[in-house]
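In what comes next, chain A is part of two complexes: it sits with chain B in the first one and with chain C in the second one.
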Partner chain A sequence: MEAPAISFVAYVRRTPLLLFLLVYTLVTGGPFLWVATMSLRTTPEIFAAPYAFPSRFHWEKFAEAWTKSNYGTYFWNSMIVVVTAVLLLTVIGAMGAHCLARYRFRGSRLVRFVILSGMILPPQLMILSLFQILRDFGLYNTLTGLIVVYVAGHLAMTMYILEGFFAQIPQDLFDAARMDGYSDFEIFWRITLPIGVPALFTTVTLNFIILWNEFLYAVVLLTDDDKRTLPLGVMHFMGSHQLDVGMLATGLMITIAPIILLYACFSETMIKGMTAGAVR
Partner chain B sequence: MGVVAINGLTKRYSGSGEAAVKDVSLSVADGEFMVLLGPSGCGKSSVLRMIAGLEPITAGTVSIDGRVVNEVPAKDRDIAMVFQSYALYPHMDVYNNLAFGLRRRGIARAEIDERVRGAAAKLGLAPFLERKPHALSGGQRQRVALGRAIVREPKVFLFDEPLSNLDAALRVTTRNELIRQQHEIGITTIYVTHDQVEAMTMGHRICIMDKGEVVQIGPPLEVYRHPANTFVARFLGNPPMNLLTVEIEAAAGTVRLRLGAVAVTLPSWSTRALDGLRGEVLLGIRPEDLYEVGPPGDGRPENGRTVPLAMRVVAVEPLGAETLLVLVLDGCEDEVIARIGRETALRPGDEATIHLDTTSLHLFDPATTRVIARL
Partner chain C sequence: MTLRARLLKPFGRRQASEVDARRVAPGTLILFLAPALLVYAGFTLYPVLRTFYNSVHTMRPHGVVEYVGLANFSALVGVDPVFWKAVGNTAIFTIVATIADVLGGLLLALCLFSRPPFAKLLRVVWFTPVLMSYVVVGIVWVWIYDYDWGLANLVLRSIGLGAFEQSWLGDPRTALWSVMATHIWKWLGFNMIIFLAALSALPGEVLGAAELDNCGWLAKLVYIVIPMLRPTIVNLLVLSFVGKMMIFDLIWIMTGGGPLWSTETVSTYVYKRAFDWNTFDLGYPSAIAVLWFIIILAFVMLMTRLLRQRDKLEF
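== the complex of A and B ==
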């Protein structure tokens, strides 16, 4: 008779935590579910009953948003910018992090400080100078310009995460590879990168999510409609289709879908990467 | 061939005032098993890493087969190293861990396969070739690390405390395995350890280091029996050698050692060894040179090897195969440890007559700590 009593106590003890999680899930997941239901309803339906469940699923709204409302263009612009930026961030960030984690050279601490201090600068502070620089180089209002800004802006955080992970790879592995005859670059390519896969997944996922939702740089540095990324597209949609809440919700779902897919695939690897080394 | 010669090797790390390795010179013959022994921080691993080419040399030279290799990169020194952490590549299976170094050297695929499988068979790793390191036991990982060195067929093996991560039982079997492998392969080996048992059992010669300097080099038993100073005397042997401050006195053709209130008359033949030596010295006595039961007719130095000493038992430590006694001499504050038979009836507080073997005494200079005489 003792075992059920213990489990009951444990259950009671867990109740506050469960309640907290329930409230938290409602607060964060509720709005998302609401937008998801709205994306399948028409605007008149929504105005008639804002919180109702769809009486009929209007899947055709997605096709309409994709073709008639230019979401297809915004989506591919976002894809090109974010995928290229994340790719460059991963390669450059990993190389930089490997150097900071492995080599002690004259001024290495200063280099590390300067690079990582990039993290503390708010984007608003740099936006004017970036605007001027991109204009000078003919990169204003181009996807390439936005990619360059994204890579520069997120390199510090990428290196910070990767360096923390790479620094935990035992020096003996690198010494062993050196004795096995491998050059510094081969050691980076064949030892650091494969072992650092969990951390790389973390930075890829984080950067993808952050850049996919990035608004400030995009709104300042892009002006042409056919160059806009998804967050700009959503905003533009709000302006040109006043109060078309239904279509706005459909556009938001198109924007969010890739992120959710990415997170669902890599969340476990990402958490592994972020907590690696925390428990030995 | 694999003759390693180190001459005046010095290492000074940036930001550190004192040199980690000071003017170390030694030579290792072809096929020899040399053990670098010393406490943590004595510089033995730094010496090994400089031989390997993993650490820049501040001063001095490292030569392999007569060629100075100071400026030769690690990969071109034809040396293989087994690390304390094993340094197995975690993302590769055992086969690829073994083959990784060979691939870089442009060896034909068929030969790599032959060498890897040969080494795996020799080390009992054949069933685990497709496993990743995390799926292996400590002993198996250690063998993979050894296998990775063996497949390279280098001139010299370097081992950096390779057994320290194993449990006590596995350490003994792996130690014997290493000795057998080195004997079979016959490749020059330099082995770093702080474990005196490994040093005593594995090495053809031991090089004992302290504070970055070589203190003594020699075959294990010779170093054990003839320690060059008190550091070696205390470092080799468990329990360590007892060191007591004594006074040497000469009286009527005999020599006496005064230990507190007791004066030990040494055998007449030993007086020659102490010729002209007077005053305060450090007396070194190995615990196994103190006996509970002396030979018949004992007590007369001219007749026997031992002299009886009246001592008080402070503690008794039965270890199963033997018993350690912690003793104090009358009028002497220093404690002495004796290793005696397991059947002793002595108990703490007992007064006992302990017999000192006067043919195995070591005398050290209290100022320099170097050995003065050995009886």
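== the complex of A and C ==
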């Protein structure tokens, strides 16, 4: 049923609403556009007129940030940590979720309860002793340690989302596969994973965004400058002696660029991913 | 191979168990589950248990660990004014920001639900802050709140309210509220998306019937939409509540708990006691973390109980 054409009166009545929509759009999107303009301007220019459009685009600032201000190192550290952790999470989580969703075995309810209860554990409850534990294992202040902690911390949510999806795959499919002589591994590899691609996509985006932005674990578990991830690098820059606002804005832009790029291409997937854990 | 298996299987002796795809050999099961269980046990369960263990101990320099019973807890509750200040701040933050988040998210969702022009684009733009890290959001808002060149004061001056300009994060009276505003700004889009999904799932007939009955939009909202969205509202309240009780990143980045403990929250205090005070005692902060976890858990159970039970009575 098509809505009738909106009359002039209705338009006038909706003006406050439309005005509000415009203002709120500026409020949410504006700050990022502002950072984008600042990232292309030098600090003296910014202090002369903080909200002006760049008179000249200083693209060289990105090269300078990348090499001189160490953002290149931070960026690759972030990439290594996040990509490895997301890969591990996907593989380990999918294997575990497959077991919980597919097989009947003794203790399955206990395993499910124990792992999924990890979703309600606040990070503060683990961070203090993780600091000790990683030191004991010689993993403190290493990217490996951070990766392992990230995998452990996000396993519960990953398995929760994947199991919910895997459990909906019709059992007939698996019975038929078993009849055809598929091994358990083949069933996982050739049925669960291909059919589960949408759910895997969701957890990959969710984990990628959360880990790319993660701050608390990183700030506690990493200390060396050459091991810092992007959020730590930016934060370190913020706290340094003479704050170079222009260069910091460039750093912020480097931090948000991958997310913005992904968001521009896959906005629906990313919105779905970020909200996946909340819709029950 | 496949064909042979298919031909031979029905004649095999252990036919039933082999064909039942819900059964699995223990070895395979272990192979599939072991990585998850190991990582989880080593880096989630063990740390939690160790934090509980630490909370009843005091760690002195040179690795001396001393059992102190509940002394940490009694010191915390009895004689630690900073802890109570942090609890107060966290409580204000949690209550106000949770309500603002859920109500604001609902209003934004209703705006988009009324099918304004460019609804799809607006939805994407409004969600952007959710995707940004606290570090980015925090730094940008520190600039926005800057006394000299920040946007907040600039806007006030330009509309003739220059009298209200202040050092938003530097004044103990406004710091907590300023950080809160930023936090709400970041998360509104999240709540909006969830509400939008719930609104689209509402049965259209009910709203149509209400329209026929000449029901005003406010009455429609209060008597029809909100009751029908109740499960979503409860979920978001709990989710938002838990997140805010643990708030750390944004506060740490924007104010570091200052000025004068005016934005100190329980989580920032835990961090300070553990890593900033150079006392090397992880016992005391662990006690804070344990106590706080128990309180959060109790509140979540209470909230779900209170809010969900009404559901049962209604039907």
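Definition applied: the second predicted complex is superposed on the first by the 236 of 280 C-alpha atoms of A that agree within 3 Å, B and C clash if a C-alpha of one lies under 4 Å from a C-alpha of the other, contacts with A are read in each partner's own complex, and residues count from 1 in each chain.
As a convention for this text, a residue touches a chain if its C-beta (ideal position, glycine included) is under 8 Å from a C-beta of that chain, and two chains touch if they have at least 3 such contacts.
Here the structure is a predicted model, which means the values were calculated and not measured.
Once the two complexes are laid over each other on the shared chain, residue contacts for A:F105 go to chain C alone; chain B is not touched. In the superposed pair of complexes, A:I254 makes contact with neither chain B nor chain C. By the touch criterion defined above, A:V82 lies against neither chain B nor chain C after alignment on the C-alpha atoms of chain A.
Using the contact criterion defined above for the overlaid structures, shared-chain residue A:A65 touches neither chain B nor chain C, since it reaches no partner. Legend: residue contacts after superposition of the two complexes on their common chain; A:P170 is shown touching chain B, with no touch to chain C. Looking at the shared chain after the overlay, A:R178 reaches both chain B and chain C. More residues of chain A are in touch with C than with the other of chain B and chain C. Contacts of A:P194 after superposition: chain B is touched, whereas chain C is not reached.
Of the two partner chains, chain C is the only one touched by A:Y263; chain B is not. Comparing the two complexes, residues 175, 177-181 of chain A contact chain B in one case and chain C in the other.
Contacts from chain C toward chain A in the complex involve residues 1-2, 5-6, 9, 18-26, 28-29, 32-33, 35-37, 39-40, 42-48, 50-51, 54, 108, 111, 114-117, 122-136, 139-141, 143-144, 149, 151, 154, 185, 189-190, 193-194, 197, 235-236, 239, 242, 245-246, 248-249, 252-253, 267, 270-271, 274-275, 282, 285-286, 289-290, 292-293, 296-297, 300.
The touching residues of chain A, counted against chain B in their complex, run 170, 172-173, 175-182, 186, 191, 194-195, 197.
Within the complex, the chain A residues that touch chain C are 3, 14, 17-18, 20-21, 24-25, 27-29, 31-32, 34-35, 47, 50-51, 91-93, 95-96, 98-99, 102-105, 111, 114-115, 118, 120-133, 148-149, 151-153, 155-156, 159, 171, 174-175, 177-181, 184-185, 187-188, 209, 212-216, 219-220, 231, 234-235, 238, 245, 248, 252, 255-256, 259, 263, 267, 270-271, 274-275, 278-280.
Against chain A, the residues of chain B that register as touching in their complex are 49, 52-54, 73-75, 79-81, 83-87, 89-91, 100-101, 104-105, 148.
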